[in-house]
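One structure is given here, and the rest of the page talks about it.
For reference, chains read A, B, C and D in written order, and residue numbers begin at 1 within each chain.
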């Protein structure tokens, strides 16, 4: 029993890492431009679908990967230029709604380009238990999950480094703290935004590939965005570590809940459990795990 | 109810207090006064108005105001100030409305001349001026105010409420007092004293009897078939004879409602809301309105401007004719109908003139184009002629016989003739009784046959309509003996939207020269459209481009003058644009904005000489008074320019 | 407003007492052990260099901030943590340094919001616009119209406040506060960023309020001329401490104050 | 241009505070109502009623509801459809389990149920703002739909988890034909729209807008932001609840909880963005737009098919719809954040000032 629980927990944590990955996409953009980018999920979907589309047209894997990086960067830039820049200084809510519209737009385009039916995506990782671990502990830990988690972890660390070590990263943090000040000290906002959006595009690609490979490339991918929301609430919209920790918590807890609570209430509670969890958490700590306390000024 | 036959009724209704009580009886719930206050049109019926007046009159009586005394009334058009007039009259006293925008210094003379002991002021501003004047006005004892704003620290003033409260107590204590006072009144009593801001010298108090104003009012009412259901916007100075006739006398005779705007800034809007059916405005207001219309239309899109231009041209062609019921082709009638839907109707609507049945203008000559514009968009604008001394009632233009350059036929009950010098003489029940304490001036103004000398030079046209050329005393002669009518020339110039004021010189000289005041809003707008930067009036006035603009106007005016042999010689040869706007506060204009030609000639003698000496530049520094009383100096180096003139022999321009 | 004017109200006894107020934000010490009194009908000015804690002081008085130490006693109610709502109920109104009007609403509606505390009708009555709800609405409209008239903003009644020039917005802000018919009115830099004429008007309004309705006024102001003209008493803050308290002339002479102000531009 | 306002002066605040202070507007409104209540029922076809007008009206009502919460009170909600679901299923159960309850009564019951649920999910708004709150409403969206699916009681243990709306009988009159249903919906929507307008222009509406524009200032002048927000949630959910009930009883007939999914919530959100945030009119304009757009699209695609013989796959139509919607949202947010309602308002102002441009 305990063992099973542990197994579930690990599974949860592993998928949690991927939540973190998605959440990271949100955090980046939120930090830089104060936008909650609801379209992140659609980007993931778009990325995965296009990638598969390329493969289907016999584009070699590597090349497809390169192309996709380019595509996603371009898409990211386009969004920044065509949607967000005109909306700069609008209330955050309008920006948020704009990204909702955006997500519809992207999903529509993606499906017109590649059709709506579910595709498989093979990254050469089998979703099978890792013998070694099973033998040692008797627990099933999916090879795929582990490696996916690995990739995700690498990316997360890379990004963290990027934002803490590089000039751009520091500039970005300055922007996040105070747009005016950033402008004042001569940090080119729009340049920063461009970078952030292309990075977000890239993150979306990776996420798309991992999730796509796991659950098949399908419209459901867009819901990844919805999954990321509670993660962000736990972690706080502005905190990279928050996104990571939040992702793990959500991933683990939802799995546990599904397995141990689900049966009593008829299952399928993954859909809302993270939210309720996040909400309860919110009521205790409105600013999230790592967010700073808001002082209301007049 | 058994109405007495008209004439008996009229006989008994021979003073304003009696008229008031009459309306309170026959149309108690009919609106008498409306005022835009606290966001809505507060309304008083005739009965309520009568009660207010009663309380006020008794209050004044309680304060010792008695028959024959004078009550100064100072402020914007407010119901309570109109009631104050009736209240004073009810007690046999005489209301003396004064121009509210005059500075304290000007108050002093009138207050003393009229031996004012009681004064009702609208608000703190007016009370302050009264108190400023008080040291020089020993007679002034009692001051009352309408609006308590900021008045709490004032001593020995009484609020309107307080006065009325005293009045109600007094009324209760002396039943029948009010009625008995009203009964004691007589048609021959002085009903009001209006001070003429005479173009020269100190103002004179014109004493008018109840009879005079009631006759004048009644004449006008019958002439234009006004009824109790008409309504008028009361926004012109209460001290001005026109307002007294339209907003007081005629309202009391016909029983129609007067409407007081919320404030000076909101007049346009308030007019739009109320939509008066009977409207009076001096030409300058119609002029400003038209200027605004033109300016605002210039901001419109191309299509709209085209449409506007087209239908305006249609209107110019046949609008006035249709209004006067003349012969117009069906095609034009159709075009006009469409225009009425697309342009004229909406325009009347935005101007607040949709419901106007009769509109009058007077006080100065109105430009033909201006006049024609309003008639052509279907507003029945007419001209009248009269003076303070004739209750603003001497000539009226009858519907259907409206001309651009006349002031109409002698009004009912008015006898009118020209002296051999061409001066207009009138006689009738509406003549003043006398100038207050000026027997000599009175004798001078009214000859032994009882004709009043208006001081205007005029002539009758073919249909016996009167045409005013100029002030009789202003009509001069050029050195070559040709006729020189400065006003006539100035008006011709002022008809151009870009020219606000003009002063022509030429008496005893061999040519005519002129000062010009440009219209800041019109020229300013013109400048902006040519993105011509300017820092204010003086700067703008000095711009060569502006000089060119004005020169064109002057040349057109010359062309018109050239058409009339009698006036051809008074074409303007040279002009300059003044560096400051002529201003009543600097005594350059009268309160009714007539130019004080002599005064200006003296004040700017150096400029006049420069013009005739043929110089083309002249430096001048002028002291000016600002609203807040501070003084300053405007100095400028003025250009003087020549203008092309035409010889009479030229064929008439179309 | 057409009621009988009263002469200037004589300054009465203490209605507000602040005792040992200290306020911190995280590490920042905004106010340190501040005590003072406000007397009925007086005009009290709080001055001090930028960041002296003036606004924080007002925010403490009407319950926006809760001091870590000290108590505020208003009339006989004494509290450390007075909620903004209690403050409003008790009759404390305020205006804001950088105008906090409801941008999306007209001048009329903005001032109407100030009447909320006095409006009782329920949702259903409002939804169906039943007699009582309608009557209530119109009664309060009448009151608000008097305020509009008092502040001479008739011409802008139905204009969205966002479109008004700065000076007028400040007036509307004052009007909204007046709509509470407060007994204590807190004005946070009512004349900041105004031109001479606007300042003169605002001064007149402030004095009129104080004199016509006897409202006690506490205001923050930088313009020393204004402060000396209109205030009965002046309190000086510097770095969250009170360094002066007394009639304008005394303050003008006070050395500590002068030092605090050295190099501060007005 | 058609306006003739001269002489329309007001002597009472009552008249000044009227919903349509200008006579011409009142006339137009009456005319519109006559058309809606008399002309259309007389001429309209069954298709017009059940495929266009009924959904249009119902969604307008939902949009009005959401607009009260998001437009007036400024609380972004992504769960409108969930509250519609509550209204629908509650009404169903009221009719089912309360013998002899009038259908209208059941609808109101449904509305109230929705309002209560709304308050529950509104509670977080007392502590959290903006996106955080949006997430709370998302939670509502998922949780409610899940609960209605999983808990059999709601669907009366129907095997396929759907409910079939009982016949609508009011005072013995059976509303079966599309025309009758249309009239019923129209009547309800008219009344509720009026009520909404009254709240919006009254004390409640001012509190909502105050909280939306500057909540701290609102608090300082004595408004209780919490109460105002909860009222907004309650009223908004009530409107959505009624709309949901009508959706089931007069439009779909047989409904599964999934009919009220996130997608519907988004559509309603789009309606108020396109229609106009913070206006009652916006609800109708937006709804009309979003109901008609797909029809226009599919028709034009069909036409393309037939005329150009390019066989467009059916999926394209729906995706095209997504694209157009998405693009429009972005477009409106950028170009006219106040939506069609503002455009209409501008046109009206122009007409009033005609021939002047401004």
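The criterion applied here is as follows: a residue touches a chain if its C-beta (ideal position, glycine included) is under 8 Å from a C-beta of that chain, and two chains touch if they have at least 3 such contacts.
Since the model is a prediction, treat every value here as computed from it, not as a measurement.
K.L.:
Starting from the defined contact criterion, work out which chains touch chain A and chain C both, please.
P.N.:
D
K.L.:
Two chains share more C-beta contact pairs than any other pair here; which two are they?
P.N.:
Per-pair contact counts point to A-D as the maximum.
K.L.:
Counting only Cα atoms for the centres, state how far chain A is from chain D in Å.
P.N.:
Using C-alpha averages as centres, the distance is 33 Å.
K.L.:
State, to the nearest whole Å, the distance from the C-alpha centre of chain B to the C-alpha centre of chain C.
P.N.:
46
K.L.:
Centroid of chain C to centroid of chain D, CA atoms only: how many Å?
P.N.:
Going by mean C-alpha positions, chain C sits 41 Å from chain D.
K.L.:
Approximately how many whole Å separate the CA-defined centres of chain B and chain D?
P.N.:
One centre to the other, that is 57 Å.
K.L.:
Which chain A residues reach two or more other chains?
P.N.:
Each of 296, 298 in chain A touches at least two other chains.
K.L.:
Indicate the residues of chain D shared as contacts by at least two other chains.
P.N.:
Those would be 12-13, 216-217.
K.L.:
Out of chain C, which residues touch more than one other chain, so two or more?
P.N.:
Touching at least two other chains: 64, 96, 100, 141-142, 145.
K.L.:
Considering the complex alone, what residue numbers of chain D touch chain A?
P.N.:
Those in contact with chain A are residues 74, 76, 124, 127-128, 130-132, 134-136, 138-139, 142-143, 146, 149-151, 216-217, 262, 266, 269-270, 273, 315-316, 319-330, 333-334, 337.
K.L.:
Would you mind writing out the residues of chain D in touch with chain B in their complex?
P.N.:
Residues of chain D touching chain B: 1, 3-13, 15-16, 353-358.
K.L.:
In their complex, what parts of chain C are in touch with chain D?
P.N.:
Those residues of chain C that touch chain D are 62, 64, 84-85, 87-89, 93-94, 96, 100-105, 109, 112-117, 119, 121, 123, 126-129, 133-134, 136-138, 141-142, 145, 176-177, 179-180.
K.L.:
For chain B, which residues count as touching chain C in their complex?
P.N.:
37-40, 147-153, 159, 161-162, 262-263, 265-266
K.L.:
Which positions of chain B touch chain D when the two form their complex?
P.N.:
Residues 34, 39-43, 272-275, 293, 296-297, 299-301, 304, 307-308, 342-343, 345-350, 352-355 of chain B touch chain D in their complex.
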